[in-house]
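Read from first to last, the chains carry the letters A, B, C, D and E; within each, the first residue is number 1.
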Amino acid sequence: MTQTIDTNIYAAVTEAIQSEAQRILAAGEVTAIVGYAAARRKGSAQPIVITSADDAQKLIFTPACVNNLAVYLTKAKKEIPKSGRIGIVVKGCDLKALVGLMGESQLKREQLYLIGVPCAGVLASTIQPDTGLTSDSIAPKCRECDAHLPQGCDFVPSQTPVTPELEKKYAAEIARLEALTPQERWAYWKEQFSKCIKCYACRQVCPFCFCEQCLCDRNKPQMVDTTPRPAGNTAWHIVRAMHLAGRCAGCAECERVCPMDIPLNLLNRKMAKELKELYDYEAGFDVHDKGPLNSYTEKDDQSFIK
Amino acid sequence: MSRIGVFVCHCGENISRTVDVERVAAQVGKMPGVAFATDYKYMCSDPGQTLLKKTIQEQKLSHVVVAACSPRMHEKTFRKAVEAAGLNPYLCEMANIREHCSWVHEDKQEATAKAIEIVGMLVERVKKNRVLPTITVPVTKRSLVIGGGIAGIQAALDIADAGHEVVLVERDPSIGGHMAQLSETFPTLDCSQCIMTPKMVDVANHPNITLYSYSEIEQVDGYIGNFQVTIRRKARSVDEDKCTGCGVCMEKCPVKKIPNKFDCNLGMRPAIYVPFPQAVPNTPVIDRDNCIKFKTGKCGLCQKVCGPGAVDYEQEDTLIVEPVGAIVVATGFDLYTIDEKPKGSMIKGYGEFGHGKIPDVIDGMTFERLASASGPTGGKILRPSDGKEPKQIVFIQCIGSRAREKGISYCSKVCCMYTAKHTMLYHHKVHDGQAYVFFMDARTPGKAYDEFWRRSIEEEEAVYIRGMVSRLYQKGNKIVVMGSDIAVGVQVEIEADMVVLATAIQPRTGADSLAQKLGISYDKYNFYSEAHAKLRPVECATAGIYLAGACQGPKDIPDTVSQASAAAAKVMTLFAKDKLEREPIVARVKEAGCVGCFACKKVCAYGAVEEKEIRDRQGNLIKVVAYVNPGVCGGCGTCQATCPSKSVELDGYTDEQIVAMIEAL
Amino acid sequence: MKDKLNYSYYPGCSLHASAGEYDLSTRELFKRLSIGLTEVPDWFCCGATPAHNVDELLSLSLCAKNLELAEQVEGDLAVACAACFSRLKTTQHVLAESDVKRKQVEKAIDAPLKLDGKVKHLLEILARDLGLERLAASVTKPLAGLKVACYYGCLLTRPNDVPNLDCVEAPTIMEDVLKAVGAETVAWSHRMECCGANFTLSRPGVVIQLTNAILESAKEAGADCVMVACPLCHGNLDIRQKEIEGVYNVNYGLPVFYITQLVGLACGLSSDKLGLGALIVNPMPLLKEKQLL
Amino acid sequence: MHPEKQKHDFEPKIIAFVCTWCTYAGADLAGTSRMQYPANVRVLKFPCTGRIDPVFILKAFQQGADGVLVSGCHPGDCHYIAGNFHARRRFAAFRKLLEFVGVDLERLQFSWVSAAEGGKWVEVVSDLTEKVRNMGPMTEFKELALEEQWSGTINTEELKEAYKQI
Amino acid sequence: MIISQSTMDVDFVRKVEALSGTSVRRCFQCGKCSAGCPMATFMEHPPNRVVRLLQLGQWQRILAGRSIWYCASCETCSTRCPNKVHLASIMDALRKLSWDAEGPSKESYVQLANKLFLQNIRTYGRQYEMRLAAVFNVKSGQFLKDLMLGPKLISKGKLKMFHSKNKNMPEIEKIFTRIEEMRKKGEAL
């Protein structure tokens, strides 16, 4: 049964963002703000960088504001110290990425002015931007969101989103795959990975793929085949999932931008689940000194070791 | 194109019995890049090595693979030979076809096939080997010793006697540490001060030793051979150079009743004081918290009476930087106390013993001061509460030690012995008294130790009761000791005049923060960790830092002195060379690819990874990257496996070398 | 200042029977201090010592069910009896530690467990929630000159990490409360020794021996009276005192008060409202002597 | 003297990634003690298990390994203080990932073998060889590699026949 | 005492450990439990020896004696044990296992009191001390025990003669029966 999700607060949130943006730009607290603005198609939204207080009213927040804007900061991190403090509009999920990036010395908290948005959810990538937000049209990641209200921001509008309990699709899909035999799982992923065209959009959009030279682009030695063929594709996605383990907090941008609809976030959620079970670690809530895979305790599980 | 030479060893018959070595040489000879392949009876023999050297030169070989025994056996041998022939030693690899092949398989065909594959893998690997220059680091032949107890004193004297300069830093106003406080020592009962003070004087007079007392380590930079140590010299308010140690200031000081920590607060001292008469240096220090001059601005008596004008109220803390090549850490221990600990602390106190509020319940060190001829009672055993001689005295062992519940599960190692000593001292001094000891186990391994313990029972008439004490409480002027004798299976109640607790040995407070400054590791109790429990018990994992005494774990005096001399020997070994050579198996950062996530730094157990700023010509910061200090790197390669972009690489085990081996399969 | 304090209340069986005066004085005192107290409807026995003695699962299940009942009433759960307090706290502790036992208990009570509700002894409420200052401010008749031996017994503080009421071996919370209401407390050695507890029924001889040592110690320390927070301790110290005096041929004459009675007295409550008449060792002469009535 | 050596239809390829201080030395000890074990294993020496990148395991399977063994020092015995602790976490996570994409974890063995455990080395290697031998060849990655060459699935009789020939 | 693998009943010890949630092996016999136990003088095996016998698997010796029934559950031993051995819980577990085995015990009075107490809960939901005491005296044959106390207590209102009905009685009964069922199915010890 389709359930309508209340997005009435988004208008008020937009207003609050606009006035805060106007204030901090005018006061010179920040030099630029990364946010969302309306795009040409009706109801759609796109990222925008504004540098003038006059442009503050361009900022919006709607169910179409799907992008994780954190990626605009990682790729621009060298510029930030020069330009001064930067404001950024963040949903709870985006904030998790920023938190992770701070833990990895990519960003500094004091360089950022965080405008958190109370968010009931955004639209799935397959849905037309002017559609209303419902239990059918909502993005899968929002179904299991645990950060509707971002914590620790410099500014958060006072509205509280109404968030109905929805069926967790990733969790369900992971459970389904886990119940299969290894051969069946292999067949499933083989089919998924065979679709890959190695466009690297997943890498491009990922806030954590901030390496200047990706391991997979190195050819001395050739660790991962670069051809868009099954063997290389499989290796690429396994290596990527491993590199994101303990870091990815599930913004699901990789899955959103994948032109071939490979369920990439499934791999990342699976790893997050395992690390939670093994080491009680969850990415994205606190700025951790060390992630789960670069720390240890002497009593870690070793039941799998002979 | 590489010109690889492959030498297949027969090892007498050890290899050739199950591996067809001629066939291996013939097959490998056909591999691309292999210019020469042969087999030989004994490659490690002189003629074998000569063959190797001759062939390198004649055939102009670029790389060498020796297929023989385990590299753990002869890698050094062959690398040396290769070096003698003019090649970089790291261009030689060994293929293990003995331990991993001929000795563990019987089928000749199978073993030969395996040997060919093993050698093939190493051929592919060696192609990717690079010239690695030996890393040399200069050595500053001066040493820092932290802590002026018996461990620090012994280490400092040994190093100084070997002709090297030593900087000795002591936190307290005088060196001597705990040993200076002891009355007599087990198992010979010689007077501690009689054997300790001459050594303290030696330190003071040694031309190679610079003593900084009343000083602390502020900061440690650098690495093995090249440390820069910043030392804070706390304001003593007395000029050490001018002071003659006449002691008039102490006599005239109007504040006299400050409990003296050296006497476990049983004796009193003035506000300007030396902790004990034989102190080294014999220069007083002003206790600013208790000095009238510092509290009210009035008085100034000590300055007036000081002939040489050494008293200086204006003195401030000063920082000095000392360059040293090696560091000996000898910070010693603190005694556990039974008082109530702050909430949430890992260590708990003994509420069942009144949290230390019963005046005649004392610890072992306090008993030492009572028994000491130079102590506050002149060597008489008297109760702190009323100054009476205790006729029934109870000793309880394992207080804090071996008590998980209180947060300490280790054995403090010295308590059994010193309690036995205490019963003897007590019996010698109070002839009509009776000593009882509650104990769980008597641990007396050591030369003449068990005999000593037995003597306390058989000759000195101490009554040992196997069983612990549940509770102590004051009843009138007695202390009721509620214990049990598990041998009999009954409860035992003793109304004692005095109770002496053998409290646990703990690391010094602040041991963890010093460790962090030094970059050495420590266990959950803050004892410093040695590099290897059995084979490297004196070294820290951090190169150039050595441990001596109880800071590493509970120890008695002989063990402490042994370890201190061992640490000194390690320092002298280091100082025997002008430059430090080390295997060039170290990690290197490829700065172009590094994005400064510092995952490598997070996993480095050696603290070898530093942050390095890259700036353009105008001095603008471009990025911050990782830098691996080759002097400090241990060479495990955990950083490389962790680095997402593989921008740090372990020389000798590069991805190229390893992938080449995997691909050779 | 904090809003009005409100608690759900678990009196326990004894307070509805042999320790009626404890129940009465608790209700009256809380009324006087304007602390809300709502009895958990149809609570039942926590199982006390006998249940955990022979059937831990039963004991845990009974307590867990009672904790569930307590959830219906708003506020932290106030408990007066030290034994009930100990059982409820132990249940929370054990079930939080052991998954196996937790699942068994959930099955036994056929309900999911909630262990986050706070269980508080009256002492905690007086000393911490209300606070010693506010308590002192409510005093109208300070208990000046009354020397009290505070008797903790076993179950208020032991074992480690379970009740977390105060230091397990050297608690001060009773003394703190009494000092706040103007009484004097004596330092004595047996304030945490066992009285023999429920052996009072099956092995009274044991109880007499242990309780005698406690009374002796209190008397020696110069106490005028003893204060307790446990009906079982009270039973042994008060009800059996005459008998003990007979057996040992001594004369203690130590009235044994509940904490709420003494605090209530200081807050100006009358003897009737405190149930002082129910005490076996007559406290009236002492209270008259100290001019506290 | 020796019992007749059993011939098998399939001999698996096993790759062992081991640290030099413990397991490599343990394997040396098995040699000096003349213990016997199947000849299927190829040993790659690393300074420490901490150096072993999960990609190597992937690469080994891609290169045709039927089984992979990763072995190092027991916890607390690491020559490099903590390399094996880091490795333990890394591989705990990586094996979960491999399992999720459908790799049968029976083919991937982890162990602690000290320099004194020559016998354990023999046991670990023999057990893994035996287990993988019974499981048959690791076809998953090989198929991917073949598809790489043929750019299509093996769906005709001829292709299947040709595949079997390889 | 002959000790062998067959006399060391490890299963029993494991049961004790499962029920008590504490380790038996951890005890190193320091005797602190016995030193502080208020009841030790009434026991033939002091607490430390109870643990020692358990370590040796000699549980029959423990169950045959009265020690476990003389434990007052004062928790002093658990609180002061240097090894965090929760001896009071071990005592609970031993009593439970003895109770199950309806084993020989020299302490039938304590058992009887416990039994009556639990019956009271099952029947009335709460304790009524008057009934408890009266029935105990009848069943234990000590008709005149504490005779002098009774009237005095009643006059002081301390022993109630009547009691109200608890609405949760069916729920209590269900807890008892569910636990019995779990035990029958082997889901709980």
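By definition in this document, a contact is a pair of C-beta atoms (placed from the backbone, for glycine too) under 8 Å apart; a residue touches a chain by one contact, two chains touch by 3 or more.
Since the structure is predicted, the reported quantities are computational estimates derived from the model, not experimental observations.
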Exercise. By the touch rule set out at the top, what is the minimum number of steps from chain B to chain E?
Worked result: 1
For this session: Note the connected groups of chains, using the touch definition above, after excluding chain B.
Result: A, D | C, E
Seminar exercise, completed: Ranking chains by how close their C-alpha centroid sits to the total C-alpha centroid puts first chain B
Problem set entry | Of C-E and A-D, pair with higher C-beta contact tally | C-E
Problem set entry | Averaged-CA centre spacing for the pair chain E and chain A, given as whole angstrom | 58
Problem set entry | Where chain C and chain E are represented by their mean Cα positions, the distance between them in whole Å | 23
Problem set entry | Geometric centre distance via CA averages, chain C-chain B, whole Å | 52
Exercise. Considering chain C alone, which of its residues make contact with at least two other chains?
Worked result: 160, 168-169
Seminar exercise, completed: Listed in rising order, chain B residues that touch 2 or more other chains are 352, 405, 603, 642, 655, 659
Exercise. For chain A, which residues are shared contacts with two or more other chains?
Worked result: 215, 223, 293-295
For this session: Can you identify all of the chain pairs that touch?
Result: A-B, A-D, B-C, B-D, B-E, C-E
Exercise. Chain B touches which residues of chain A in the complex?
Worked result: 78, 81-82, 104-106, 210-215, 218, 220-223, 243, 289-291, 293-295
Exercise. Quick one: in the complex, what on chain A touches chain D?
Worked result: 177-178, 182-190, 194, 215, 223-225, 227, 229-232, 234-235, 238-239, 241-242, 245-246, 267, 270-271, 274-275, 278-279, 292-298, 300-302, 304-306
Exercise. Which residues of chain D touch chain A in their complex?
Worked result: 54-55, 58-59, 62, 75-76, 82, 85-86, 88-105, 109-112, 124, 140-141, 144-145, 147-148, 151
Exercise. Which of the residues in chain D end up touching chain B in this complex?
Worked result: 2, 5, 13, 15, 20, 24-25, 27-28, 30-32, 34-37, 39, 42-48, 50-54, 56, 59-60, 63-65, 78-83, 86-87, 90, 122
For this session: Can you check the complex and tell me which residues of chain B touch chain C?
Result: 340, 350-352, 354-355, 405, 473-475, 480
